[in-house]
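Chain naming follows the written order as A, B, C and D, and within any one chain the residues start at number 1.
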Amino acid sequence: QTKKYTITTVVKIAGVAWFNRMEQGVALFAKDTGQNATQVGPASADAALQNQIVEDLIAKKVDAITVVPNSPESMEPVLKKALDSKIVVVGHEGSNLENVTYDVEAFDNAAFGAHLMDNLAKAMGEEGEYAVFVGHLTAKTHNQWVDAAIARQKDKYPKMKLVADKQESLEDQQVAYTKTKELLQAHPNLKGIQGSASTDVAGAALAVEDAGLGSQVNVVGTSLPSIAGPYITSGTIKAISFWDPAKAAYVVDKVAVMALEGKKVEDGMNFGQEGYEKVTLKGHVITGQAWVDCTKDNLSTFNF
Amino acid sequence: MRRLLSRLATSPQGIMLATGIVLAVLFSVANPVFLSAPNIVDLLRNAIVTGIFAIGVLIVLASGGIDVSFTAIGAFALYATTKLLIVSGIHPPMLAIFAIGIAIGVALGFVNGLLIGLLGLPTLIVTLATLSLFRGALLTFVGTLYYGTIPAEMVAYSRQPLLAFHLASGRVVQLPLAFGNFVLVAGFAALILGSTMFGRKIYALGGSEEAAARIGIDVRRVKLAIFMLVGGIAGLAGVTHVTLMRIANPFDLVGSELNVIAAVVLGGARITGGHGTVSGTIIGVLVITMINSSLLLIGVPTYWQRLVVGGLILFGTGLPIAIERFNLHRARLRAAAGPTVTVQAPV
Amino acid sequence: MRGIFKSYGPARVLQDVDFLLGPGEVRCLAGENGSGKSTLIKILSGVVAADSGTVSLFGRPVAGTDPAGVIAAGLSVIYQDFSLFPNLTVGENITFLRAAAHRDRLVHRLRRRRLAAETLDRIGVKLDLDEPVETLPVAAKQLVAIARALANDARIVVMDEPTTALTRNEVDNLLRLVAALKQEGVSFVFVSHKIEEVFTVCDTVTVIRDGKVAASGAASDFTPAALVTAMTGRDIASQRLPRDATAPGRPFLSARGLTRIGEYRDVDLDLHAGEIVSIVGLLGSGRTELALSLFGDTRPDGGTLVLDGRPLSFGSVRDAMAVGIAYVPEDRLSEGLFLDQSINDNITVSSLGRDSRLGWLNVAAGARRAKAAVERLRIRLQTVAAPVVQLSGGNQQRVVLARWMEREPRLIILNSPTVGVDVGSKRDIHELLVALRAKGTAVLVVTDDIGEALAISDRILVMAGGRITASLAGDCATEHEIAARVAKDAA
Amino acid sequence: MVLVFAGIGLGNPSFVSGASLSSMAFQFPEFGLLALAILPTMLSGGIDLSVVSIANLTSIVAALLLKSGHEGLALPLALGAGAACGVLNGVLIGYLRLPAILATLGTMQVIGGLGIVVTGGPAVTGLPDWYAATVNAAPGGIPVPLTVFAVVLVALGVLLRFSSTGVQARLYGANPIAARFAGIPERRLIMTIYVASGIISALAGLVILGHANSAYADYGTSYVLLVVLINILAGVNPAGGSGTVSGVLLAVLLLQFISSGLNFLSFSAFLRDLFFGLLLVIVMSLRVLGGQFRLAAWLARRSA
């Protein structure tokens, strides 16, 4: 066995379902490879707290930092500091990050957004009014998905119509619920809702069901089976798409070790994880094709 | 009748009611749907958890203290209760589930009460500390995992409407049974505050703690009781939140404390203590809920929403103050009508 | 109470005090400001524990602090600071004590209203039972405090300066009531700085000086002069202070037709440099409101103010201060002092500009001035760095005065400056005002104490129903004459 | 504080190193400045919940100006924006007499919302390199933000103690009615206090801009309660009338030690919340109990 490295993954916030699943991937990687890989995250999804953690990790002299930033731009200086201290930095969900050794993306964000729109269009029969949610107006990836989705609709589904502008759920299910209720009041003909934060679809679906409109309004979006499950079963949520955070983390850590060992990532490499069998490399951004759709039919195959 | 009206017009609740009506009129001019039955029912539903919390905050404010830990207590109760049920697999009736949540709340309130009553620490300091402490303890020791599937009793309860009707469009409009919790808590608090000596002692404490001690009120015990009561109310709010959202997420609720306090203060309670009524608090809660959940309806662009919410809070705070100033001015102009203090011939 | 000792930190407040009260006895507790009267009362009522000594009530010992037990046993106290609940209504305040003492669980609204109304009837006062206490004038608050104590059917009533804010009629009512209750076997402890009251109502007297019992005996054994000597340890003559022989010059401040609707109207007033003017009147006659307008705190609705011959109007207190007007407010605890802040800061607050250059303070110079002021006004204290809350009432009032002396005002308005101040201190304050007059300051005193008005004033104005109804020369008027005018004009 | 430091040092010896100290020195000035910004408002019996929003808005203003090449204007206009926000608070609290807690709760949203309106959500990036380089530099081993913090700390400390405005602020906090009768210029004073708070927040914003090399409308949202907590831990009376900068300094350092220490020992982020709460309870209880003990000892000595 080669040298043992300390690799720490810094996530947006500790303890939520998404990053708990990611931690499973980190743990699996540690078990498989014997590396000292762990995961940490702040108590609330605040860029400032994430910066503090990375500062401390630099002082602690870890070998590699892998990071899922709340606000990629805000982290550049501290990541640069890490690179300057000879620490390997691998990003995830931060394709625009500059101060990283590599960045691993599960997929192309624009393609994913377009895919979500395809799902929504299918659920709505390619016509009618729809609305979109982002977690925060300031969240970059959410906005990329939604912008790409809207572009796709304009391009391919002319009979569909976006009502109101992007709704902000503050990543809070209660807010998604309230906003959806308002949407239903303001736009009685609403037929579809697309969510971005993992709790958006659940809040929206509950609001739709409470209004007795489960058969008329269709919800799709990004989420996890454990969150959206009850509403996928009841049929209000037609489909959710996501990528498996555990697999992403596994690949991220693998890339980190490669970089530490001085190996280069090549275009078309196989990382041995589903969706990352043939990655593309552009600059330092490694992109897979790792999105997964979950519908009523395959819901039972997921355990997270 | 006129006397009653003029009393109402000069009371804080009355002024807030007027402010709320002004806002409602503005909103319904912007979009007439605002005044439709479904929207009003939605508004009431959205006010439930804030409303229950607000009653607790009112009690603390009336006693001259301030509480910011109630959201953490609510989150603790909501999560610990649900986890307990799920992990143990027991299926008690809904009433017992609420009782568990309330008991957890009372226990945490007891911690506040001990520090505040026994050690005599200032309420803001203690509750700011326990806000952090309870939340940290919950997420460290109880868990962080989100439960998307909650116990069947809770789901069944959450599906029961207190009031429901169908619209021609096929829409269902329903007010969940949980609204009853809000009504019960409000009624209970009105009774306690208005008609029991314990309630009057709360106001007495808020008026002057020194004076209360001097007439033999056991200040420590009353404070302990207040924080246990308020903890219980927060616990109930937490469990109610679970049934409304049909999830148990330990990250929920914390962060909304200032919003709730704002609602109570808007309703006429004073940060400095001794004042506030249940009716005023209800009005305050409705106004805040209205502000927070009507922007889309009245067509405020998403990018402007935070700004507008802030602006409306300022408006909602400022208008009553302006009205009160006007009332004072008017009262002075009318003061010549008759002396308030007269000294009669000696007995 | 026997052998009572009590210290607050280094300050020994009570030393070996014995205090006895029999049934149906009215005992006066006399002493200078800060001699320890209020402290003794707090020990008696179980609010504060004595360091040593025994307290027994109706033959049973009282241990430690148990105000509820003491109240239930039949003792009620009218505190110097009233200790009312400002946020509650008059009716509730009056009945709260009794309800708490009876360990009621529920509120009995009707019974409460009846009790409150009856009690107010007994002391001959009409107040709106539903009005919150905080909006009442000071005097009405004091009446509520009295009513509350009586509503509890107490067998002992302790009155710590119950008459400070009351007018003559009300005081007479109260004293008559005390006499009547005494016949029913109720005992009283009566604290007052008003010597006449002591002799009108008390059977026995205990004098405390510097925390020790200086004299004790039947009231008939004392003459007023002897009592004052026992209290202060020095002789204080009670005659009028010398008047300035020279006629006052041009008016410093004149008001013509000054009106603020609902408060005062058509007030014509001339205040001259080197003159002391007093305004007397009943509760609610508008004196405080007039004073506040002269200090720029409120704006008159009509009329004119002329200063040094030029018309002006005040936008704020700052404007009035800028032309040399000072104001000593009525309630020194809530309006006058920063209780938890140092004596030094309390004295220098209004003249910070003097020690500062471009906004930067010369802290040392400020402290020097504060120390000098403390000596000049003979304020009794340990250090100027101590919080002002530790001072006794009379010394606190001197701190407020010292603050304004620092500004060398051209007109100083004092609202009830000697309320709750002992005879010795009162005399000192009066002398201070006379000294100010000698320096050419105009002095306006709002007071309930006709004796005080007579002792110091060059002119006495009677105010009633918001108008000035009479102007009397200070050296010709008699107490009787003024009291008659006040009562007549009010009717 | 020494105890906490030593405790963590025992747990992980590398904590007591230059690297960790310098890491901390980079972290705390950010929220330390915000804590100082709230101090004068709490001293005067008010509170300013909008400090974080002001910091973010000023960093956005500075970022936009830097980006558009108006480099000379950036600093003065950013400070001006902070002062303008202070004026807004001052008008609401001093002139319109809204309770400070409600007024600043409102302006927190208004000013934060303004940041969103201006940026349209995502972070402002693409600043000239010199800015971040300057802020993140450490001439002579002392980070620039630390110097800013130290200068503001001393300046505020001197102002509060040795200027008439400082003394007036404290006295006004102790008793506003007495302050009016003592001729303290109420409205002007409140205006000064909140403008000062706005300007210090703006400095915090400029430090954040350098740290993040971008301006983000939602940065540091978790700081609002943290800085109130710091002030209270520092012994500032929430009702007004007492509080010192030295107390704030101690509290800031203490919290930074705990926070970094927990990161070093790889404890869960939620423990940080727990510890902060516990610390506050313990410190306050000791203060009360200690006060009683001291008094008891005193009395015993006197009567002996």
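Before moving on, here are some points about what is shown:
In this text, a contact is a pair of C-beta atoms (placed from the backbone, for glycine too) under 8 Å apart; a residue touches a chain by one contact, two chains touch by 3 or more.
Going by UniProt, the chains are B, D = ABC transporter permease; C = Sugar ABC transporter ATP-binding protein.
Every value quoted in this text rests on a predicted model; they were computed, and no experiment measured them.
Following the contact convention of this document, B, D is the list of chains adjacent to both subunit A and subunit C.
Each chain's centre was taken as the mean of its CA atoms, and the one lying most distant from subunit D (ABC transporter permease) is C.
Centroid to centroid, with C-alpha atoms defining each point, subunit A and subunit D (ABC transporter permease) lie 33 Å apart. We define each chain's centre as the mean of its Cα atoms; on that basis subunit B (ABC transporter permease) and subunit C are separated by 42 Å. Subunit A and subunit B (ABC transporter permease) have Cα centroids separated by 36 Å.
Per-chain CA centroids place subunit C at a distance of 44 Å from subunit D (ABC transporter permease). Residues of subunit D (ABC transporter permease) found to touch two or more other chains are 116, 120-121, 268, 270, 272-273.
Residue positions of subunit B (ABC transporter permease) touching 2 or more other chains: 136, 139, 144, 303, 305.
In subunit C, no residue touches two or more other chains. Of all possible chain pairs, the ones that touch are A-B, A-D, B-C, B-D, C-D.
Those residues of subunit C lying in contact with subunit D (ABC transporter permease) across their complex are 7, 9-10, 51, 297, 316-318, 321, 327, 329, 334-341, 345, 349-350, 352-353, 356, 359-361, 363, 403. Chain contact summary for the complex, subunit D (ABC transporter permease) toward subunit B (ABC transporter permease): residues 49, 92, 96-99, 101-103, 105-114, 116-117, 120-121, 225, 228-229, 232, 238-239, 268, 270-281, 284-285, 288-289.
Residue ranges of subunit A in contact with subunit B (ABC transporter permease), taken from their complex: 14-17, 20, 43, 137, 164-168, 172-174, 177-179, 181-186, 188, 199, 202-203, 206, 210-213, 216, 226-230.
Listing the residues of subunit C that touch subunit B (ABC transporter permease) in their complex gives 45-47, 66-72, 77, 79, 82-88, 92, 96-97, 99-101, 104-107, 121-128, 131, 136-137, 139-140, 167, 169-170, 172-173, 176-177, 261-263, 282-284. Remark: subunit B (ABC transporter permease) residues 194-201, 203-204, 206-208, 210-218, 273-275, 331-336, 339-347 touch subunit C in the complex.
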